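See structure below.
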Amino acid sequence: MLAVVKATPAAGAEVREVAVPGFGATDVLVRVKVASVCGTDLHIYKWDQWAQGRIHPPLIPGHEFCGHVAAVGREVTTVKEGDFVSAEMHVACGKCFQCRTGEQHICQNVRIIGVDADGAFAEYVVIPESNIWKLDSSIPEEYASILDPLGNAVHTVLAGEIAGRTIAVTGCGPIGLFSIAVARACGATKVFAIEVNQHRRKIAEQMKADFVLDPAQQDVFSIVMDHTGGAGVDVVAEMAGKTEAIRLGFRILRRGGRMSMLGIPSRPVELNLADDIIFKGAVVQGINGRLMYKTWYQMTSLVAAGKLDLHPVITDRMPMKSFSQGMKRLQSGEASKILLYPNGTKASRP
Amino acid sequence: MLAVVKATPAAGAEVREVAVPGFGATDVLVRVKVASVCGTDLHIYKWDQWAQGRIHPPLIPGHEFCGHVAAVGREVTTVKEGDFVSAEMHVACGKCFQCRTGEQHICQNVRIIGVDADGAFAEYVVIPESNIWKLDSSIPEEYASILDPLGNAVHTVLAGEIAGRTIAVTGCGPIGLFSIAVARACGATKVFAIEVNQHRRKIAEQMKADFVLDPAQQDVFSIVMDHTGGAGVDVVAEMAGKTEAIRLGFRILRRGGRMSMLGIPSRPVELNLADDIIFKGAVVQGINGRLMYKTWYQMTSLVAAGKLDLHPVITDRMPMKSFSQGMKRLQSGEASKILLYPNGTKASRP
Amino acid sequence: MLAVVKATPAAGAEVREVAVPGFGATDVLVRVKVASVCGTDLHIYKWDQWAQGRIHPPLIPGHEFCGHVAAVGREVTTVKEGDFVSAEMHVACGKCFQCRTGEQHICQNVRIIGVDADGAFAEYVVIPESNIWKLDSSIPEEYASILDPLGNAVHTVLAGEIAGRTIAVTGCGPIGLFSIAVARACGATKVFAIEVNQHRRKIAEQMKADFVLDPAQQDVFSIVMDHTGGAGVDVVAEMAGKTEAIRLGFRILRRGGRMSMLGIPSRPVELNLADDIIFKGAVVQGINGRLMYKTWYQMTSLVAAGKLDLHPVITDRMPMKSFSQGMKRLQSGEASKILLYPNGTKASRP
Amino acid sequence: MLAVVKATPAAGAEVREVAVPGFGATDVLVRVKVASVCGTDLHIYKWDQWAQGRIHPPLIPGHEFCGHVAAVGREVTTVKEGDFVSAEMHVACGKCFQCRTGEQHICQNVRIIGVDADGAFAEYVVIPESNIWKLDSSIPEEYASILDPLGNAVHTVLAGEIAGRTIAVTGCGPIGLFSIAVARACGATKVFAIEVNQHRRKIAEQMKADFVLDPAQQDVFSIVMDHTGGAGVDVVAEMAGKTEAIRLGFRILRRGGRMSMLGIPSRPVELNLADDIIFKGAVVQGINGRLMYKTWYQMTSLVAAGKLDLHPVITDRMPMKSFSQGMKRLQSGEASKILLYPNGTKASRP
């Protein structure tokens, strides 16, 4: 089969023929229909510091996808050949404290398919049955391929109250953009999108954020205060992972507000804990992955009910063999979510 | 001024001239623009058993309204003459355990304006400053007059998770109908409206419930199970206060689901606690009034953001002097929410 | 091996030799050290209506026990021969909505060992690895055998706030008695134990309930109100499953209080929903089993820390072959928790 | 009357005669029985940077006290002359978003008696009726004078689950020491007290912390991991406000754990947000003051029930005129909580 292969501990990746993977008694072999590209894949491609510490080549990356079941192990009971599926790619150990108390998303021994094991940038991928998510035919294929990052957004936005609340999304990469849609669908009454990149701001407008702000050009603090009665926003969804965005997020958060942090800073961040958290009585939540599987139920229900229009985020569609071109598009800052078609069929936009 | 007066302990009420009420240092005198009629007002009008035990004539009823501030007591600081306002009509004591722990809505010594003291079916009404809710000009007058029952719906629907959840509303009087709109606006993915009265079912359809069901004609249990994967709904908003509706609500609730009860049964109800609550691990919430004032913030934010279309519920608009005609309309089962205009100006529909 | 066998669909049970059970790749064979008797076992013994509808003889009952691992299936990794263990006897399917969202304790397809499959009143019992709970040597054997009902108490008492709160326990069977200890250990400031049986009241006193009340002789409502500033208790743990106890529980619950129901009524109960739940703003929780496995962590931590003195509840210790005598003791109302020793070694009291 | 007066914007304070303060219609005049000294008072005394920015001399400091009502304003109804009282010294505005949604403790316009207005280091102090907390005779006078910092501890420890949980208290000033007692009383199963000062560690031992650790001498990380199965503690109560303590707190916090921060850092702190909060799925709470008045109910219930032994924390008792000597004792690091007797009667230790 054709696959994207990170063959050596160096920048780049190649698209080449490899063997179709074998699978065990409790595994599911999926023929990938659409896979999509995450910032993590770019880290692996560029072979940055994080990648050097985590990735062990050779590796097939890719952890966002949908497809159809091609074959199942002999103990598999919940899906069968032909079923339309996606998957949670964080494989939890099932035995640690977190796994035994409903917090598998922060398992002490998690293994991520596409990072720690061969992933979905290939014609076929192997997934443990426990992690397969069977999809209704009402879920469009394009959306089915982006459930992993959509789940990050759903997990973040719904980690506390959002109905009748104001929210600021700091950082409008794909997850930030999805968060705008999720917040609106779930009753947020004012959504402030904050982003320095103009391509991303343009998409944020298409996602119908109420305010799309450029912190490099505008006095975001004053604007937010003006539109929140001087109190600040109820919720900040931190999606940038940048020091300046995080600090701004804390400044515009109201007393008693919720700061849900998903963006990963690449270095330590200096914070004014006294003013930003303690006196303010703020609640700060670290958000990791998706709740297994509460987030998946919420997310697919919202999609199936037609509550989310995610199309503006999908900017590029290309055959998987054009992977390197996709990487260039991503680095340009002009692309948002890129869909790959490993099996050569490029879906037309619905 | 003109007012509806329940003059004697007997059925009926009269519209007549009374003195404009005096007010104290911490009170606000409001010139009523629109008042709306609640089922409680019909109980008072008909002088049923509940009314006989609670009401001490003479009384001006009416606890749903909006208007403009006509005058303020000398210690009032948060509103001034001319401000557009509504009010929370449950006046809490401020000194009991519940009031001192953020649960004023279940104050041990609550006094309700329009029930225990003269209310809003009059040209003027007196409200303590603490209970005045100042309104933005973005709130339409008609909606401003129905914030009390809308608040019941918001309190009920948002008393737990609703985003990405299914909900059944049992009983489609005005509060049930509002609950449909609130649930949809806050991310509910399937809304089942259950109601025996065909006029109400018709409005439920206009409110865009996903399923509008007649329990007298349809097998509601099977239909709900079919559309919830056999599990039942996540949430039931019980708005009927009838034994059969309550029992049906429990039957269609999923294991671990939430039953939020607002409808008031007039007599004891026999329940199968073992199957309906205990084995099921259900959570049952008694819902009373509106959270003071969290619900008011949520509700006015949702209205101001244009998230709620409530017009189908408002079926009748009439001058206050036609009060008795309104009572007849309500008793016919054909009217839902009736608006009264004490000061003679009947608003045209926006 | 020796086992208690419910051989036929009729009253009674016999203690006889049966084959040691076989076990699968993911199972654990445990040599039972101590097993304890639950009211459910008495239902099975008496062959009452519930038992007739649920139990399919022949069956070895018993779902409370501890012991040592005798052998493990070839895929078992978390325990080994000789380990000291107990087990959660509710075997969840792992695939339903509840199981996939952290609510395995209310699994749609639960199977209970000792009810739906052969249990622990035997020299050996087979348990799936997923349900084994490995014990520290700091847990006394007697306590290790009663973790199932202790877990019911922990689940009930900790299903909401308890620190700095008052609680009434209605019904002082073993779980009610354990609840007294758990509430005290977790910061409850006044514990009211309510029970008609004098033997149980005596144990409630030994458990150091602050007030031990007999509803047949005392005006429980007045006493509770006198000691809660007229407000009522913050929490009711309903352990009786009797109509009168449930109604009394609701009456003494304060506005906004929590009613956590574990006792199973054998018939429908008529409730005054208006006064007892709705106006009161009460929260009613159905409590089923133990949270898997949050409750187990909490419970074994509390026991290991020496926070719970449960000895007064253990009234009888006998060889398993005296099972029928145990049933008589239970029916007399004089025994509370009875320990059985299938392997002939009767532990002396620590 | 005699009072401690911060007369000028410079280091020091004097004890001198001043006029007994007047009071308004809704105020209560209290004759102070015992007042206690907080670190804030030392900041004011030393006239450090914080004090220079916040305090406007002349000021009578002191915000921890108890006493008896000497006189009441004409609108006061809930207390009368002779009543034994303490008070919440954060006076909330009652009109901002936070005040109207049950979060008065983070009021946007809070005014603190003893900081922004004359306080309790005097024979008499004036308190608004809304902030008076009437005490039962079961509360010892010494404890009654330290309810403010005890309330900080109760607010912190009970801001999430504590029963059956492990907790680390970083920083053992009086509030940290109180937190040990509160955690133990509310079911914490292992309490790690972490403190560099040996006097404080000695008191932490008297408070019966399970582990008392000196981070300057011991490998706290390893010790905590050894005693938590390698997972880390469930809860950290951060009471030090020092960079090293905060960082250590995050390191020893388990995945999904709760970090409740009350200690106020005097400068920005650099944090590894990726590892310490985001990947870990931690929840960080800023804790400010006491919940008004939920914390007060919890706290006085715990004290009245005899659940807390706080005596080891009270190290010094002296007449108020020895205030400067108290400041020296505090600066020495040898004293913990110092009680002052403005009216000359030094209580003997119960």
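Per-chain numbering from 1; labels A, B, C and D assigned in written order.
Basically, a contact is a pair of C-beta atoms (placed from the backbone, for glycine too) under 8 Å apart; a residue touches a chain by one contact, two chains touch by 3 or more.
If you're wondering where the values come from, they're calculated on a predicted model, not measured in any experiment.
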More contacts between chains, A-D or A-B: A-D
Chain A and chain B, separation of their C-alpha mean positions in angstrom: 41
Chain A-chain D separation of Cα centroids, rounded to whole Å: 42
Two or more partner chains touched - positions in chain B: 97, 297
Arrangement of touching chains [line / ring / star / complete / other]: complete
Residues of chain D defined as touching chain A within the complex: 96-98, 103, 105-106, 108, 229, 231, 241, 246, 254-256, 261-266, 268-274, 277-288
Footprint of chain C on chain A - complex, ascending: 77-78, 95, 97, 100-102, 291-294, 297
Residue ranges of chain C in contact with chain D within the complex: 154, 158, 161-166, 185-187, 189-190, 297-299, 301-302, 304-305, 307
